[in-house]
Every structure is written in structure tokens, then in C-alpha cells.
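Mind looking over this structure? Questions follow.
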Amino acid sequence: MEGVIVKILKKPRLKDPILIEGLPGVGNVGKISAEYIMRKVKAKKFAEIYSKYFPPQVLPKGDGTIYLVRNELYYKKIKNGRDLIFLVGDYQGISSEGQYELSYEVLKIVKEFGCKFILTLGGYGTGLFNETPRVFGAATSKEYIEEFRKLGVIFSPTDPGGGIVGAAGLLLGLGKEFFGMEGVCIMGETSGYISDPKAALNVVEVVDKYLNLGIDLEELREKSKKIEDLTTSMTLKLKEEEKKIEKLDYYA
Amino acid sequence: MEGVIVKILKKPRLKDPILIEGLPGVGNVGKISAEYIMRKVKAKKFAEIYSKYFPPQVLPKGDGTIYLVRNELYYKKIKNGRDLIFLVGDYQGISSEGQYELSYEVLKIVKEFGCKFILTLGGYGTGLFNETPRVFGAATSKEYIEEFRKLGVIFSPTDPGGGIVGAAGLLLGLGKEFFGMEGVCIMGETSGYISDPKAALNVVEVVDKYLNLGIDLEELREKSKKIEDLTTSMTLKLKEEEKKIEKLDYYA
Amino acid sequence: MEGVIVKILKKPRLKDPILIEGLPGVGNVGKISAEYIMRKVKAKKFAEIYSKYFPPQVLPKGDGTIYLVRNELYYKKIKNGRDLIFLVGDYQGISSEGQYELSYEVLKIVKEFGCKFILTLGGYGTGLFNETPRVFGAATSKEYIEEFRKLGVIFSPTDPGGGIVGAAGLLLGLGKEFFGMEGVCIMGETSGYISDPKAALNVVEVVDKYLNLGIDLEELREKSKKIEDLTTSMTLKLKEEEKKIEKLDYYA
Amino acid sequence: MEGVIVKILKKPRLKDPILIEGLPGVGNVGKISAEYIMRKVKAKKFAEIYSKYFPPQVLPKGDGTIYLVRNELYYKKIKNGRDLIFLVGDYQGISSEGQYELSYEVLKIVKEFGCKFILTLGGYGTGLFNETPRVFGAATSKEYIEEFRKLGVIFSPTDPGGGIVGAAGLLLGLGKEFFGMEGVCIMGETSGYISDPKAALNVVEVVDKYLNLGIDLEELREKSKKIEDLTTSMTLKLKEEEKKIEKLDYYA
């Protein structure tokens, strides 16, 4: 069996397309972001990627049937702009070698469709619930930094200190070294403890502005609000509990 | 050394055969079920599968001799019906990649024998001892759901939530995507803590009715009864102990 | 880099040679046994085996120099008997796949030298210090059982229950299935907690009698005695301590 | 994707070059040492090594851009002496097989540049803070021992007992067995708990004297001093705390 098997479903002609990656990861920020944009712009699937580097697993579709875990490529033609390719899916490769093999294969495919620029979306896990989570960026070349800075993205000399692990990093690194591609990783600050639509909202806003897509953010804003309320009420409760304990201490 | 080595012992001519898989897994339900059916219909071995994806181990035959761990394929010709192929064995592949390689290889073989439909048998571990354990199903296409529903199999939009891991899932997923095969996974609800003949009995009953094999279930019913008695008596004892403790509490 | 690299140092002509394997394992029984016999019969090295399936490590020779971890093949010509090949070394393969690759490669080599029979030596770990440890056996075919039974080897229907893991099992299993070889595994009962010359002594005695080598066992007997004394004195101390505690209890 | 991908940036003509390896490891001694020497002699990069055996990761350059994790080869032409090649980088291979593949590939490259001798630098972790840490050595052949002994390097029959694990060992082992190269590993004694410039200073001094490079050690001495002060003050504090506790005991 080949390590990575690609099923090309159609071969759309794409105009200088940008690859947007959003696979499961820290706070699921990348996955939520990319799948939201993809859905809102009504992208169409053109390829499926199967691999022995994914878990040996089928997943329920919700109607009693199942499908083999996979990654998928979607495309969207954009009037008066660069076309889009989306990389989404159930899993990232589960071994280091698998990660390399999968990212390398994806880059081979999108290169065939003329891709020269990549946006990878992800979460930057800080372990803290920040009320106004930031958006961090990292680029393959300096020339891309300024444009994203204007959109509020922070390019820090020290963050993320541990680098970027997984497909969001590897697509940029391998793309730059072996496929002549440039790219930027957009990371939404997140606690990393929960699937985080708020961090995703921040990421989607950046991508939307950068690509001028005019995406309707309402749905994601609502999800983000719900999570925010939940987190706030939990934090309040925790604080009340702490106060009670303090009071008890006074009378102790 | 090849990753998977297949020894074909004979080449039976099979009539539209169905592959029935039952390898070790949750509660050993699949293994117990498939081996029981295989034994009762007196299937004959026609292939052995060795692999470096199995543990590096030989197992005792019980007479002082040993054999290399393996999977095996058996066949049974059925009068007035579709023939059967059984996949049974000592282990599943121990790495994710090994799982893919092994399932892929098995599908290549059974395709050569004309197989287009697969029944994978397994356990659905809930962590609970359910007195009347259910049977869950998952299919590659909707058209197979109704027929199994009539046999009491539950096709739930949410169960099994984590999908189906291992050969029982992979044979269906890979079979569907790369070999043009359809199939259904039959999962007996089990605590998952013990080798569970009761869950297997439920699975065998479904397969028996579906294939109209007229299998003698007596032996499996006895084993199932013994386990049930054991579980019941253990549960009773635990409840008595709890009552004693409660009584002690009253007098405390 | 090839997975397994074999350096053939010489090509001795061997007469129907028997492969004797003793690599590190439970209680190091196999390693101690094979290396003892090899040294006593003054076998000569004819091949070195290097592999990426071994740990990435060099080991000290004791004179300030180091060597790459490896397995080695030695040979000994026996007058009026079958010649011998020894497989010894620093490590077994550290992954399951590596184990298969290494055993397969060894079998390919020894087949070239005409080998048709294998004796693998190992420990059977029981977790207990048995004063008169037994010797267990397992064979590829029934015809070899009787001869070893006469030498005191126990062929049990149930031991070792978990089968034989590693090179000692795999050489027999792969040898039988793919190289037309037969063989027997001789396992010295051992606690498994320490490097166990006493268990090795029992194994060497069996091999010595079987092959009629007339090996001087004195040196191994001494080591075995020392370990026995040590174990006995430790056991006595433990018992005394227990008695003291009991006495204290009486007066408590 | 190839397991190891080498990008040769230039092809310098080198005169009987010596490979000096210093990759991350125990106390980071090898990495600190090799990179210090490399910087002080102003070596120039001539090759980059990428591999799926490294972690799937990009690292920040500190200016908002990132690069794919890699190893690098530098060279330095030495007047009236043997030229130098340096192997440095972000990581060692993360699996055993990866370690072998990477070392083997490096040896293939440096052999093309005429390399016949290797110095690998590393740490020898003892778990203790030794005030005057020693330097240990291990060689591929006895003839190199004397010269390094004169420089204060200890070649012990027993240290390092566990051998040398990773690239520092493997380059010597594989170089000797498969590339006709000789070499010495220089190990600075270190606690292993911290990144240890003091141990590195000792190693650099040995290399400097051996190769007669006239390296300015000032910068490394300062770093070493700072660590030493820190360690000493921490040790003093710990001792004071212990005394306090003892005093408390007297009055208890």
C-alpha cells in the first residue's frame, strides 16, 4: 500500500491559488477557521487523501454509514482575485514521518494546480483564558510581515517559542525549501483546553480582511459568544467559591 | 522481508463470497463470533498471512510445539447461497501502518476470489455490564441498513461515537474506497473488561439470521450463560457487601 | 542505509550445521548459555551484523576504544558430528519490525551455509526464585520432543503460556515457515530479575548432552553457585527479618 | 519523500578535512562546543540537511520568520593544517532508525569531501555537580588515545559504561565500519540537568589544543563563570537551609 493515496475527483483550472490549511490541532482553531471560511464561500471538493499515517479508523457520517478517515482538498474560484484551495480533514499524520510524508504530498498536488502561496491556520496555546485573545503570525519571508501586521497580527521575536509543530508549520517549511512557495501561519491565541471558536473568529477575521472575501461572521460570532459566556460564568463561579473560602478563613 | 507474506494453500472457486472478519479486539467479541461460526459451518483453511506488523512471537499449539503468530483465511461453500470467507487470527497489526498494510493485503486477496461484500464483527465497549446488551451496526452504504435493522441491529447517528478502530473498520473503509466493496460492521455491546461470549452470541445470531446458516447456537449459549451467572453472582455479592456497609453505618 | 547490513568475514565450509542462538533476553539466560558454549568450544567469528533496528549506540571495549553495537555469527567444526553456528550479540532488534527483519536476515545467511536445524536458548521468567529451576522446551515439530524429554526438558501443553517472544521464538517460527528449517527452543526457568547463570547452567547441560560436546561446566557452575549463595543468604536475611517482626508482634 | 534530503550549497575543495560534530544532547555540551568553535573560526555553511526523521516543526528565526528544522554542514579552511567540517543543527533524529539514516547520510557527504577523521563532541551526564568536571574520551582505535590523554582526556575502561548513544557514537561507529574513517569522541562531564557551558569550555579547550586553532575562549569562560556562580550560590543556599533545619532540630 502506498503511504499516501490521493484521489483526484476533478481538475479545476485555478488562477494563482492560495492554499488555506486548517487541520485538527491546538484548540481546534485551524480546523474551525478553515472549515468556516470554506463553508461560507461554498468551496467544492476536488481531492481526497487517504494514508496509512492516519489512525486505522472509520468515522460515522451520522446516518448509520461510515467513511475512512481522510484529508480533503476543496477549491473556490474568486472573481477578481486569487483562487482558493482548502486543506481540511479528520486528522493530521500520527507519526513524525507521517506528518512529513503527508505535507510533502499535499504540496506536490497543490503545486500542480499552480499554488505559490500558503496560509496555515492554527491555535497558539498559552494555557490561560485571555479575555481578548491575540492573533500571532509567522512568515516564510519578511516581505509578508508588514501586510499582516496592519491587520493586527503580532509577529513576535519570541512567540511561539517552541516553533510551530505539525502541518501548519511543515507546509510552510517544506513549501519554502522544496516547492518554491511562500506563506504565513496565522495563530489564534487560545487556552488550548477547549475547542475554541473565539480564537477561530479572530483568525477568520484576519483571513477575511487579507483576502477581502466579505465572509458573514455572524454564525461564528454567536458560537464564540456562547463559549465566552460559558467561560465567564465558570470563572465567576470559581471566583465566588474563592471568596467564600476566603470568608471562611476570616472566621476560622 | 516483505511487510506481509501470504501463503495460499489452495485456490477454491468461490461463488460471490462474503468476507466475515473476526480478529482479537474489544471483549474479543469479533474473534469469538467469527471462530464460532467458522467452526460450526466446518470451514476449511486456504491461506495463511504472516507479517512483521504482528508481534515477534511464536505461540504454543498445546502439544509441545509452537507456530508463528498469523492470520488465516478459511472458506465455506454454501449450497443455494453465497460462499463464505473467514478472516481470523492471533493478532491485529500492532502499529497503525501495520493495520493499513494488513487490511489492504487481505482485501487484495479476497478480491481475487471474487469478494464484493464484507461483514466485520466486533465489540462495542461501553464500560458497563448491560443485562441485555444491544447489537450496533455501521454500513458503507445506506442500502444495507434496513435489512440489518429488521434483525434488531441498531444504526445510531451517534454510536459508536469514536468510530470503529482497527481491522473491523479498516476493511470496510479501504474496501469501499479502493476495492469497490460494500460491507457492514456488526458490534456486540460489551463491558470490554472480559472476553465476552454473551456479546458474541448476539452477534452470531444476527449473522446467522442474515445469512440463513442455521447455526447451532447451543454451545455459545452455555458459555454465555456461565459468564452471565458469574457476572450476576459477582454483582449480587458486591450489592450485599454494600448493604452490610450501609447497616454498619446505621449503627455507627 | 540498508535495514540490516551483513559483513561476511570468511566463508567456512560447514557440515550440516546447527544454529545455536543466544541473544540478550529474560535473565540473560540465552546470552550467557550460548556465549559460554561458544567460548568453551573455541568457535571463530565469520560474520558481523549491523542494523538500524539496533539502538543507535557504540559500546566500550574496555581499552578506551568503542565499537558499533552488533550481532555476530561464529562457527565451530565438530569432528564426527554436525558443525555449529552461533548467533550472539549486544542487542535484539528494538522494534517488532526490526525483530522480524533481523531474524529473517540471519536465516538467509545460515541457510547459505547449509543450516537446517536451530537451537534457540532463552529464559523462562516466572518471577519466583525456584531452588531447582526447570528447563522448558518448545519445538517446531513433534519428532524433536522425545529426544529432549529424555534430557530432562519439560514440554508442557501450557508453558510458556505467553508464547516465546523475540529472536528465540522468531528464528524457529520464520525458519519453519519460510526456510524449511526445524528447531527447538530451550528455556531455563529463571526469576527474570537478575542475570541468571544458574538457569544458564541448566540450559548448557541440555545442549551439551544433546550435542555430545563434552563441555567443561566448572566455570559456569562456580558462577551459578555464587549467585545461589547470594540468593540464599538474601532469602535467609529476609526470613530472619520477618521472624523479628513476628516476635515484635508477639510483644506488642 | 526521501528520508534524508541534502541541499549542497557549495562544493569547497577541502584538504584532508576533520569532521567536528556537535548536536543537541546531554547538557547540550556538544552543541555549545561545536557552535562556539565554528563561530570563532568563522566557518561557512555549505550544506543543509532536512529529514522526516526530525520533528515535524518549524522554528522562529527571531524576526517574525520561521525555518524548517535541520542540520547544517559548515567548513573552514585552515592554513598549514587540516581543514574542518562542522555538523550542527536543531535536533538529532527522533527514532533509532532515523539516527542511523542521518549519520549514514552525513558520512556519505563528508566522505565525498575527503574526510577520514571525526571528532564528535558531547556531554557525559553523571547527575552530579562536579566542581572540576573532567573530560572523557573514546576512540575508534588505540593509536588516537595517547595524544588525547596528553591533553587531559580520560580514557577509562569503564566510562561511559552505557556506551555513547546518538550521533556522537553512531558517526564513529558507522564511520569506522562502513566508511574507513577513524575518530574520537570528546565528552565533557556534566550534571546533565542544565545546558552546561562549563563542560563545553573543557571540551573546546581540548579541541583547540588538539587542532592548534588558537580559539579565543573568553566569551565561553564568562558564560561558564556565570553558570558556576549560579550553581555555587544555589548550592550554598541549599546548604544554609540544611543548617537551619539542623539547628531547628537541636532545639526541637
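Odds and ends about this structure:
All chains are identified by letter, namely A, B, C and D, in their written order; residue positions are counted from 1 within each chain.
In the analysis below, contacts are C-beta pairs under 8 Å (C-beta built on N, C-alpha and C of every residue); 3 or more make two chains touch, one makes a residue touch a chain.
The structure displayed is predicted, hence computed values, not measured ones.
Greatest centre-to-centre distance from subunit B is found for D, with centres as Cα means.
Counting every residue number used by either copy at the subunit B-subunit C contact, under half are found in both chains. Superposition on CA atoms relates subunit C and subunit D by a rotation of 90 degrees, given as a multiple of 5. The distance from the centre of subunit A to the centre of subunit D, each centre being the mean of the chain's C-alpha atoms, comes to 38 Å. Contact of a single residue of subunit B with at least two other chains is seen at no position.
Pairwise, the chains that make contact are A-B, A-D, B-C, C-D.
Residues 93, 96-97, 99-101, 103-105, 137-142, 145, 155-161, 163-167, 169-170, 172-174, 176-178, 185 of subunit A touch subunit D in their complex.
Across the complex, subunit B is touched by residues 1, 5, 7, 50, 52-60, 62-69, 94-95 of subunit A.
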